[in-house]
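Written out below as structure tokens is the structure these notes cover.
Lettered A, B, C and D in written order, each chain numbered from 1.
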């Protein structure tokens, strides 16, 4: 109990700074990758910021491990967090939680439906994931002589067609590292997209069922 | 309550004219895009009709916003309607609702099953969406020197292979605008198709369960 | 009631002959399409058999319409049957029903689970659908100068990659008719595959839940 | 009852040796396929080990058939096991069960959620399936003059893009045997992936619902 409350207090305090750090990491990584024409000092600064924020994530992970008092089981039970320490580009996915917390505290606002929130969460997560993957695939691919991904636009287009499982194949990674990132994107992204599709389907079903009831009671016009 | 009833009355009155306007918009846009050999006055007329119907959608949106008395929250809570004002090609999707209302009022007709209606709604919506996307992708692509989408037939074929997530990639958009429309199509279309698949699966399951009961009771022949 | 029982009697009597006719149609169509080197009389015979069996389907449809006494609503309510009359290649899908009826009547055999039967039904249907589509796509494609589908093996490979929505695109139809058939395959096939996936997922979930209970009660070894 | 308990005892005793044999089979097959530069005796040894372990699987199948006392129905009711005897590369999929049994017996560990275990099971199974398919597709493809799959890396990349149904098509099997294996991979893999997606979606939904309750009760910070 005590451990739990200390963890909760840590999360309350560290939430906003870590959220800011995540966005900083993403921005500095993006500038570093996309800004090839920028002067060297700016690019070095970006690298420094990226490493500094990464070390913050490691500190946060260590503190939470320590507070939990769980030993090795912590790694097993917080698998997502452990992966995020190794792949900090996935970190911004957690920003979604901040939006979620902010929205819950708005007084007087009607709560979104359960499915609506799952869709929002999974949709935002997969967008962030797609953007981060497009960045790193572009980073590893665009200088390869056989690459088909030559601009960041190509890379975004590739990420969208991969996340939706359409997979045209007009542009696709050819380097081993690019393909490794692509496999991670497939694994995480498809699960998230499956969640979006599943909740949309169940939301639509519920809405039709509700409209049936309303029509049966009042015979009124179809709701908006 | 008062606001609600005024909104309901507006929707009752504006429903049919707006449905007609949606179809007019789609037809005039289609003629404008596909009828490159038509005389200029006809093409200008189409453009005029398209803008006129678009302005109708804006007026409808404004009236409903005003009647709701909700301020900025209205944009948030009627997100689909807000998007439709910006992308009027998605408007015909709402026509499905007219068919739905018409079918509900037919006396003596047995109600379709819940899943049947979801499948119908989502199926029709995605067909309209695919057609509208094929139109605008064709519009932006067919004059590009590297385009693989050269005829409207290619564009329809591309839309079908995208909506079903098959994605052969033999034809695919290459211009930035074409790709942007493709991403919107993936986003909306896959959700709709997911709804079709989900309801079909649940309908099949229900039907098999029903047949089991019937067979258990009467040992009769399998129903049609 | 009387109409229903007459329809049921008709289905009981006509079931087996029509099932045989469906298979005859498929076989004769396959021989006609694939046997280009066969002597002309054999090919003419196949065409005759195909037309004869097709006319049987039309007769069956007409009789059932007549017996139902429903007028135009019959077309609406037996949509699948109506489509099958126009596209007799989809007819063999109904053969699955014969297997289903046969299995139900086997005494002493434990009933398959609901999900198992949905998977069997949808799996067999999509296999038949894929085979029939591969046949007709091959028929329309293989003589086109730009065709990538040149052998029946290519066509089967294309059908498998389409039904699974993988869509490599190394072979794909290029003629308008071939693409039309492909769109029908996407529409029907994806729904069927969605049903397979959905029932497999729910079957797996149920099985794990059962094993939990068993383990909780007896602490026994995991079941086979 | 007696048959059941004898089968259970057999499975208890044979479980670990057969699990080891499965891994041995996979490793020896992998060395045989990938180690083209190895000295001939090593490659012959691998072939011998592969055949020896395969014969073990046949013995296990025969013993369980005999113990069940079910005659031909056994083949029908243990369809998966029957297939595994013919395609021993699918055998390692059963290793997942060992992990499952090991995890259940750990005292003091909180049980994973139902969806978590389905995801783990289906995820591990599809990884093993993908690896095994990549091995045999590489085996049949890499010497073909028109092959696009030329290295084992290509083959793994192809397997990942097939299992996720993305299907870029930049590399794809061209030999009949390679395509046959690909169709089996599509069939098995998509079902497994469907299970992963379905359970992830339901797990996410449940988690959001739980968090709602917690927030409603205590107004606390969002859980980790």
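Basically, a residue touches a chain if its C-beta (ideal position, glycine included) is under 8 Å from a C-beta of that chain, and two chains touch if they have at least 3 such contacts.
Quantities reported herein were computed from a predicted structural model and do not represent experimental measurements.
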{"item": "Angle of the C-alpha superposing rotation, chain B to chain D, to the nearest 5 degrees", "value": "180"}
{"item": "Chain pair repeating B-C, as identified from A-C, C-D or B-D when over half of the contact pairs by residue number coincide", "value": "C-D"}
{"item": "Farthest chain (mean CA position) relative to chain D", "value": "B"}
{"item": "Approximate Å spacing (C-alpha centroids) for the pair chain B, chain D", "value": "41"}
{"item": "Interchain centroid distance [CA atoms averaged], chain A/chain D, Å", "value": "29"}
{"item": "Sequence positions of chain B contacting 2 or more other chains", "value": "161, 165-169, 197-198"}
{"item": "Contact set on chain A toward chain D in their complex", "value": "7-8, 11-12, 15, 64, 73, 78, 81, 97, 100-101, 104, 111, 114-115, 117-118, 121-122, 161-162, 165-169, 172, 174, 176, 179, 182-183, 186-187, 190-191, 194-195, 197-199, 202"}
{"item": "List of chain C residues in touch with chain A within their complex", "value": "165-169"}
{"item": "Interfacial residue positions of chain D with respect to chain A in the complex", "value": "109, 153, 157, 160-161, 164-170, 193, 196-198, 200-202, 204-205, 208-209, 212, 215, 220-222, 224"}
